[in-house]
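Working notes, beginning with the structure itself.
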Amino acid sequence: MRILVANVNTTETMTEGIAEAARAVASAGTEIVPITPAFGAESCEGNFESYLAAIAVMDAVVRYDGQYDAVIQAGYGEHGREGLQELLTVPVVDITEAAASTAMYLGRSYSVVTTLDRAVPLIEDRLILAGLHDRCASVRSSGMSVLELESEPERAIEAIVAEAQLAVDVDRAEVIVLGCGGMAELKDRVVERCGVPVVDGVQAAVAVAEGLVNLGLSTSKVRTYAPPRPKRVTGFPSR
Amino acid sequence: MRILVANVNTTETMTEGIAEAARAVASAGTEIVPITPAFGAESCEGNFESYLAAIAVMDAVVRYDGQYDAVIQAGYGEHGREGLQELLTVPVVDITEAAASTAMYLGRSYSVVTTLDRAVPLIEDRLILAGLHDRCASVRSSGMSVLELESEPERAIEAIVAEAQLAVDVDRAEVIVLGCGGMAELKDRVVERCGVPVVDGVQAAVAVAEGLVNLGLSTSKVRTYAPPRPKRVTGFPSR
Amino acid sequence: MRILVANVNTTETMTEGIAEAARAVASAGTEIVPITPAFGAESCEGNFESYLAAIAVMDAVVRYDGQYDAVIQAGYGEHGREGLQELLTVPVVDITEAAASTAMYLGRSYSVVTTLDRAVPLIEDRLILAGLHDRCASVRSSGMSVLELESEPERAIEAIVAEAQLAVDVDRAEVIVLGCGGMAELKDRVVERCGVPVVDGVQAAVAVAEGLVNLGLSTSKVRTYAPPRPKRVTGFPSR
Amino acid sequence: MRILVANVNTTETMTEGIAEAARAVASAGTEIVPITPAFGAESCEGNFESYLAAIAVMDAVVRYDGQYDAVIQAGYGEHGREGLQELLTVPVVDITEAAASTAMYLGRSYSVVTTLDRAVPLIEDRLILAGLHDRCASVRSSGMSVLELESEPERAIEAIVAEAQLAVDVDRAEVIVLGCGGMAELKDRVVERCGVPVVDGVQAAVAVAEGLVNLGLSTSKVRTYAPPRPKRVTGFPSR
Amino acid sequence: MRILVANVNTTETMTEGIAEAARAVASAGTEIVPITPAFGAESCEGNFESYLAAIAVMDAVVRYDGQYDAVIQAGYGEHGREGLQELLTVPVVDITEAAASTAMYLGRSYSVVTTLDRAVPLIEDRLILAGLHDRCASVRSSGMSVLELESEPERAIEAIVAEAQLAVDVDRAEVIVLGCGGMAELKDRVVERCGVPVVDGVQAAVAVAEGLVNLGLSTSKVRTYAPPRPKRVTGFPSR
Amino acid sequence: MRILVANVNTTETMTEGIAEAARAVASAGTEIVPITPAFGAESCEGNFESYLAAIAVMDAVVRYDGQYDAVIQAGYGEHGREGLQELLTVPVVDITEAAASTAMYLGRSYSVVTTLDRAVPLIEDRLILAGLHDRCASVRSSGMSVLELESEPERAIEAIVAEAQLAVDVDRAEVIVLGCGGMAELKDRVVERCGVPVVDGVQAAVAVAEGLVNLGLSTSKVRTYAPPRPKRVTGFPSR
């Protein structure tokens, strides 16, 4: 099967990192096709950038000229998954949700460790809307920006481990979710230091997407995610 | 004071209707400035269209060349208010939220009567995220599309009154909220037929916006709605 | 328009302070009429005193011999608003609720800083019943009694600022609500020290009441707030 | 032990009915002392009357000149229990709460069948504040006023049985709570007709009060129910 | 009346301690009959042991050859109460639930202080399912195992008092529940040290069971707790 | 990989049906090993039978003499998953939870259609504890017993389709979950008749288990699911 994995920002090196993380867990017969939006922000750290990413990801996916079996939206806590579900007939998996529902199989509660403090509310909102917030012990920020994760990996690990440990000890999390599309390579380091399962959203989403395709399941079209009604629309680049 | 009232779709006649509704309740010293997005859908009835509207409204407001004291986003159940709050320093009022919080002063529970069935989940999600869902008895759809509200007003009234009455009798609502930007002129008819207070979102938002300006209050900038960080952004028309 | 602003305790100087706060934000055409209950406690700090205040406020308002367009109950976290809504046809605004719903327009979550620790549960209960608790980050007490707020303003400010800062830093509040009828004059000092919007309940209630009157809206009479049924009632002073 | 059972209205025949219901289940060594408030409404069916009852019950209990071991507030869905808890050192049991927590031992969910439609919100509010609403399947009204329960017992039984049966069949209640102080004598008839356990609040409260006294437990005084602070209070009749 | 009090573990000395605690509060006419399961773990501290206890308690109760009026399951946070309710026609009282609902009459919120950290989630789950979690301020562990409570009573008291005090000061609990079947004798010491009411589950359950029997109430058989359907069952020892 | 799929009842033909359903979706390299408990009920339809199944499944899995990579507990709404997680180091997947979290990727809300009415509360409880209940529109019973599903497949389909359709139309479900271990073969028929995605729990669990194994993830051992402490345990057959 072929899975499109859409980065939410315009930084190509992050797209590559995401693709690498996805391929590391994909099954033998699964092809990972990374996509970078044609416009948007170089990193998504707030609502304005996230709303723009929502449109940019829809644009990039609709533009993609080829067959595919599932789409992963590889931004943590970002807007847009519902729009993709309206536009497509294949399953759409958001990494925020895939990570949370995967973590819930592994322990009684999970915490998310993300980048900047301002990302916390966006993540909480997505988890609430997805109905996956009940077992969320906390969403904690490491204070590192998305781009600093790439440029300062050692400092990032220390900051993430420190918050993960507080999540386990104080918030009573039993599983840690890495709350950013570009954190997969830090995963083993956090496992080693904290002694609890650590879930990377991109990788969890690959497993979920493969599962849905194997089960022959896709988005319900009866109400919320019915296709857009025919009407005059301007300004959506790919139309 | 000057209040920008942004329609979320590209239909100019609806912008005019919204402006008219706003002006009908605005205080003497308040100037209502209607804005129509430069792109998007002719009506918003789903997530794809709503996400596009989010960007289009931000674009239209940022492009607006003049002073203003508050912004109203005049789409019911639409995405985007959080982005405006990041970009602006003046208060931003979403009509979904203004209508709900106004209704909560008038009765123990309220119901929303909206257009199509597919709009219901979007409205519920916005009310949940805004923390205004506890006293929502129900969100009911009249089965009328946004554009049919304009073209078939008599049929619309009958459909809305029927659902409003069920909301009062079955769902135990004590107040009805009209769940669409273009319903203000139907308000008196529903009041007369159902015997409960009826709240129009645009008009409620004008009162709320005037109140916030009079109180000298605006959006907190400490975390969620801090301005976007300086970074490379492409594809947002007004930048 | 004329708005009755009812203090909940019998301390005239507090009634004056409340009236002053209300007048500071009232629109040009709005007359603020302060009312002091004829009986009750000199300050309300608990359920017994608050229940007595509920009756005393209803009594004072019903006794008021004149026209008015709205009533504000100016006690933070007090009982009684529902009774006023049954007895009156004009809108009734409780300052606890007005402050909370105003704060929710300004940030993703708010905290209340109130007087004594024992006031906290009353406030939480009112917010829960009003359906405005979801976005409440915390209710914190300054440890100052209602009367100490008046007699020791400098110590009060320090205590309130300290709790407000903890609310922002630890509880992740983005807006502070002053949880007492007599705190309005402290508002600017807290804003200056904490850097977040600060909402005074009395002032918020004035804006809300003006808005409701401007919109032509008042309490629904279909169920919860229908007028009392005709029956024998003794011991209510104003009957 | 001696238990004061306070009616919330001024109708002596209802006080007698309540006392009779209480005595029917009281243990051998328990003396039931009924109290009728010196003022208030002849029946409580709304917030105004209920707030007045809150003060009237506190007044009547404080005036009571004798020893007692516990107090039962025998009004369903009424205000005031928290005030009694502040004023007294013996346990205070509200029949709304006693009935609910008793019902929760008997089935997975319970419904309340009460008098008029307007009583429903008051009952729901009390259950929410008491933390006993999660397992409440519904609160249904029979359409009978408090006084009609006494004057038209046969019609009352039919109306109550009809709602109880709907609660079991439609709302999935497994236990029925009679939601009024004066319904105890109807209990057996409803049991016989509906085939589920039926809980009378007054009787449940007697068992709870006896239990608390036997366990040597009473109200915590550390925060919410600490005694009123010493201060000037006027207008409370018994002071 | 006769009440069976079933220990959940196989340690006879704990059964005796439980019986002693029960007898200390039982009414004159109440006979307490302690039961020790024929199999299971010497102490229950986790799900495996708790599920085994569920079967072992059902087995022991069903084997009991005699009349009885109620059953108490004397394990804190354990599985199984629902099964007993299906098998029996007399009331079944779980000490976790009896303690919580008793505590809720005494203060606005309660905390549970239990044994090991791993017991916390089981207790929370039972409270959530019973609909008694809303007013639970926290469940705290003393770090003492069930058996250490018996072998090191002084250290246990210090550990429990320390957590109880944190519950009152930090979590705002107003009542403490002792979260283990074998803690009753520590109760007075905790009361004395912390100054708040302390509820022992076994003793609370005795009062609740006596109350239900006195009221003539027992488990509803209409749905959840209907008797098992006739079918082939093997491996349940007592069949 | 090898996945143990444990039936919860002792009916071998149901074990075979479950295995067949599992194999129909398992990946090429996945071996499905079905297990039937050595004791218990021929079908699980209530708490007593479910608690017995919990022990019987743990027994059967622990007795299994061979390597395996994951375990699926193939009973819908049954007790026991937490115990398996304590005893094992490989991932454990409950079909109730797998079906729900899978359904949540496909639509905004899902309904479960199960067997007898008495199974509904067990399913709701499991979903609540798993934190997967927020997006559950309803749990509906078809009125068919577990064994009737096998013996009367045509009547079963009609009953299930009727409830599924009500779930979609009335409860606003967008996805249907088949709430029983033995319903997989009915899936296509329900899809065809109702036009929404239909999820079988066993098949969903296979996909989830494969995903967890591929991701190298398993149960966290830090608190809730730590191994049982060393102690004397009797009566657990496999020890």
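Residue numbering begins at 1 within each chain, and the chains themselves are lettered A, B, C, D, E and F in the order written.
The rule is simple: a residue touches a chain if its C-beta (ideal position, glycine included) is under 8 Å from a C-beta of that chain, and two chains touch if they have at least 3 such contacts.
Remember, it's a predicted structure, so these values are computed and weren't measured experimentally.
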| item | value |
| --- | --- |
| Taking each chain's C-alpha mean as its centre, the one farthest from chain A | D |
| Centroid-based (C-alpha) most distant chain relative to chain E | B |
| Length of the line joining the C-alpha centres of chain D and chain E, rounded to whole Å | 27 |
| Distance from chain F to chain C - Cα centre to Cα centre, in angstrom | 52 |
| Overlap residues in chain F, where contacts from two or more other chains coincide | 108, 120-121, 172, 223-225 |
| Of chain C, residues touching chain B in the complex | 25, 27, 91, 93, 97, 101-102, 104-108, 130-135, 168, 172, 174-175, 195-197, 199, 203-204, 207-208, 210-212, 214-215, 217-220, 222-225 |
| Interfacial residue positions of chain A with respect to chain B in the complex | 10, 38-43, 45-52, 54-56, 58, 79-80, 82-83, 85-87, 117-118, 120-121, 125, 128-129, 145, 223-226, 228-229, 231-237 |
